[in-house]
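Here it is: the structure, laid out below.
Chain naming follows the written order as A, B, C and D, and within any one chain the residues start at number 1.
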Amino acid sequence: MKKFINDPGDVVAQALAGLAAAHAELRVDPENQLVVRGDAPIRGKVGIVSGGGSGHEPLHGGLVGPGMLDAACAGEVFTSPVPDQIVAATRAVDGGAGVLHIVKNYTGDVLNFEMAADLAADEKITVETVLVNDDVAVEDSTWTAGRRGTGATLIVEKVAGALAEERAPLADVAAIGRRVNERSGSFAVALTAATTPAAGQPGFDLPDDEMEVGVGIHGEPGRRRSKVTSAREVAALMVEAILEAKPGLGDNAIVLLNGLGGTPLIELYLLFGEVSKLVTVRRSLIGNYVTSLDMAGASLTLCHADDEILRLWDAPVRTPGLRWGS
Amino acid sequence: MKKFINDPGDVVAQALAGLAAAHAELRVDPENQLVVRGDAPIRGKVGIVSGGGSGHEPLHGGLVGPGMLDAACAGEVFTSPVPDQIVAATRAVDGGAGVLHIVKNYTGDVLNFEMAADLAADEKITVETVLVNDDVAVEDSTWTAGRRGTGATLIVEKVAGALAEERAPLADVAAIGRRVNERSGSFAVALTAATTPAAGQPGFDLPDDEMEVGVGIHGEPGRRRSKVTSAREVAALMVEAILEAKPGLGDNAIVLLNGLGGTPLIELYLLFGEVSKLVTVRRSLIGNYVTSLDMAGASLTLCHADDEILRLWDAPVRTPGLRWGS
Amino acid sequence: MGVMIMNVDQARDWIAAIAAKVEADAETLTRLDSAIGDGDHGANLKRGFAAVTLALDGFEAETVGDVLTKTGATLISKVGGASGPLYGSAFRAMGKALTSADVTREQLGDALEAGLAAIRKLGGAQPGDKTMVDAWLPAAAAFKSSGALAAAAAAAKGAEDTTGLQARKGRASYLGERSVGHQDPGATSTALIFQALAGT
Amino acid sequence: MGVMIMNVDQARDWIAAIAAKVEADAETLTRLDSAIGDGDHGANLKRGFAAVTLALDGFEAETVGDVLTKTGATLISKVGGASGPLYGSAFRAMGKALTSADVTREQLGDALEAGLAAIRKLGGAQPGDKTMVDAWLPAAAAFKSSGALAAAAAAAKGAEDTTGLQARKGRASYLGERSVGHQDPGATSTALIFQALAGT
């Protein structure tokens, strides 16, 4: 394993120390693995908390700031955070208007956030939860843990964050988050497996001419393998998989063409060019946002936007990983 | 070779087609491999043109926009652009106040930009050139082609771009670019080699426990190899190499901790945390900016800033790859 | 009333034995989790039980339940992932059920059932879904009928038998049919818990 | 006045022969450039001479120089990198020197010297710097004294002899001592140009 780390057991805290050194506008607590907006809690504003396993940077810690998250809880690599962290974050951002938890649909994340929400209720903090489950590679049935939360998380966080910034009430902020999730679908393809610092070797072996189709962002393999094909075919495969599961998402779309960590921007742009021929792009974002450590690969997220979603997507945001507007 | 491409011979134009689809505010010409600000030429504003081989994205095409470049010329992967492109870009951004060429110091880039400047002079366009040569891994002697231009290019482009935006005259814009270059040093370490689409295999073989020290961004190997060490030692190595070659750069520094393409953000932040203990950070930028396709590795750039440089660094910028301010 | 089979010190020994087994088998658990999950189950439990060991050191326990409740709470606050809340809740439920300094086999058997119930309530897994339930359920039943050695054997067999199952809960469910042919990591760590109880 | 040795059609044949050799040896050139450069020399020249082939097709040339000037201009506008301007300028300089429909060996020899001078002026390389100069220089001299076959042999030997040199120009210079032991890709492609001239 070749990585810029000191000790496989202490990667997350040390990376957060780097985030702290770079971003004085954030309150970073490397020990408890929390990232909080410097000006939180904001009186009367819904606080927005997300979190999950580390290894997906800039998600979530890099998306804390005005217009997006108020706090993020970083778990160990690919491991959801614990309730204590989530409660601490919830407390830190409660400005009296309640707190929204944005949770990716994985058993671990769901259970830990649930426990935290119970504990927060004991402290009389009102918590609502938006569950993100956009990954159409997983069948949404009682035979699975349900669809995973992936790329749409970023869009939910951006849009809900913008509405919260306008001082909308908790119910509305939660509702727009759910609306974005319902109108979103994602699909990922990996060319290599991720290597966690703890395991020290790739999570799965992938022959030199094969790709994992419908892969997850936690190093888990996909539903099937196939020969590596052209970018044109990969784009078609991803778009079709999404539209088959959730028809209509290709219209009026916010398109996130996301790198999984090890794929260079030149390939992502090339792939986006192919995707753009197949859907109606209203807004686009191309780059490494919801990553899986060093995995080479890409995910496509389509969000069938409406005017309100577009307006909130365009609203200013100022975080380490995403910034635009004034 | 596993890449999201259609045809190894047609990667650059197709990636630019993706950039065009994503960024309507830019005039992208995939065929001639040019990216131009939508509102260029701007009367009375110095036009800023850069360019170089592709594979370093977002450099340079992703750095075109208000506050930074007016145009970028994309060569083939790792191959400098040709004079025709550079002249076309120069013409497209000449608003009567002259044009600045920002050129990374590689034989190919230098020769092609020189030829282009001669041709532009024939068309009565005043061109000044800033040569960027910040990579201290190369000895600056008559026995080499001189130091390479790497990470500092981004800082030169940002700072000169900001001054040009204020309508400063060509001589001043060139002077600040040169000042940034003089006050900057960079050093890179690679954990894997880059694979160009044309070659289809890594540019060099690197054993599982070794790193290339002082590596370049065009797939060229470094000056030596060593065992992979801790992030702490890598940070010390990079800082020492820079300060030994150019003492004093660690004070009042703009620090660019740059990923070479295949290294995830969590490692870059961890590495930045170590660097931040060794230098006085005034501003920082962490991420993949001056890349070498899929190479895993990182480069450190230190720019010993003064108040003017800091002011221009902080000025608003709005490009696909870098944006802040209003 | 039956014979006392576990006191506070023996409860501590049980937890210490689990910690030792988890430490020794962490790589196996991670390897199993790499195949059909995300490759962290060994690291998760190692981190969790190391924290439990620290937490119990010097901790004043009056009852068997105190030890188990502390274990559960520590797992919840240190592990994360799916297994943290699940095992944490199981130990908390067992702790709640064992309110004396010495417990009988019947009481421990009921507590193991309560632990299972907590896992099932929180995680919603049915038997056959290829989870820790598939080891814990037969183990708890065997404990009641035939004691700790039988429970350890039943847990081990339950874990092995998950190999043929298709996962319907947890990350392994994402793989659909590809999950068949691999042993479930959580069921495997449950087997360690029951081996530790039997002193094997 | 000497014997005519090249007319317009033969000039075209020379360029066509270079294009064919570059196409055939592109992988070798790229491999050499991977070792001490950036691995694109083969692709660069292939792209360049393919463009030249297209440009010369149907192009009306009156003189040998027209063919070579067109070749040089096309290389400059299609290749990029270091070799594009260098070879492009060399062919342009040769073209400028050969202003008739038929040229003598003396004239062609002088033109080859002019090509070398253009490379040296633009790139600033000295003999021994491990560049195309180290093949072109002995080849041009051999052409003058002993003709095309000798020139081809001298270019090949010059290219081979770059192996022992430490690079002082171009990308290979970044490697310092590590550049020793590898043959220079540009010198190798220069050998192809002279082989094509000799029809070997």
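Keep in mind that, in the parts below, a residue touches a chain if its C-beta (ideal position, glycine included) is under 8 Å from a C-beta of that chain, and two chains touch if they have at least 3 such contacts.
Source: prediction; values computed, not measured.
Path length between subunit A and subunit D in the touching-chain graph (shortest route): 2. Each chain gets a centre from the mean of its Cα atoms; for subunit B and subunit C, those two points are 54 Å apart.
In whole angstrom, the spacing between the mean C-alpha positions of subunit A and subunit B is 29.
Each chain gets a centre from the mean of its Cα atoms; for subunit B and subunit D, those two points are 31 Å apart.
Residue positions of subunit A touching 2 or more other chains, listed in rising order: 77.
Contact of a single residue of subunit D with at least two other chains is seen at no position.
Under the stated contact rule, the graph of chain-to-chain touches is a line, running from one end chain to the other without closing. The list of touching chain pairs reads A-B, A-C, B-D. Subunit B meets subunit A in the complex at residues 2-7, 11-12, 14-22, 54-55, 57-58, 62, 77, 191-192, 208-209, 211, 228, 230-232, 234, 261-274, 276, 281, 284, 286, 288, 291, 293-294, 296, 298, 318, 320, 323-326.
Within the complex formed with subunit B, the residues of subunit D that make contact are 30, 34-40, 43-44, 47, 76-86, 122-123, 168-171, 173-176, 178. For subunit B in complex with subunit D, the touching residues are 53, 75-84, 106-108, 111-112, 115, 137-139, 142-145, 148, 196, 198-199, 203-204, 216, 218-221, 223-224.
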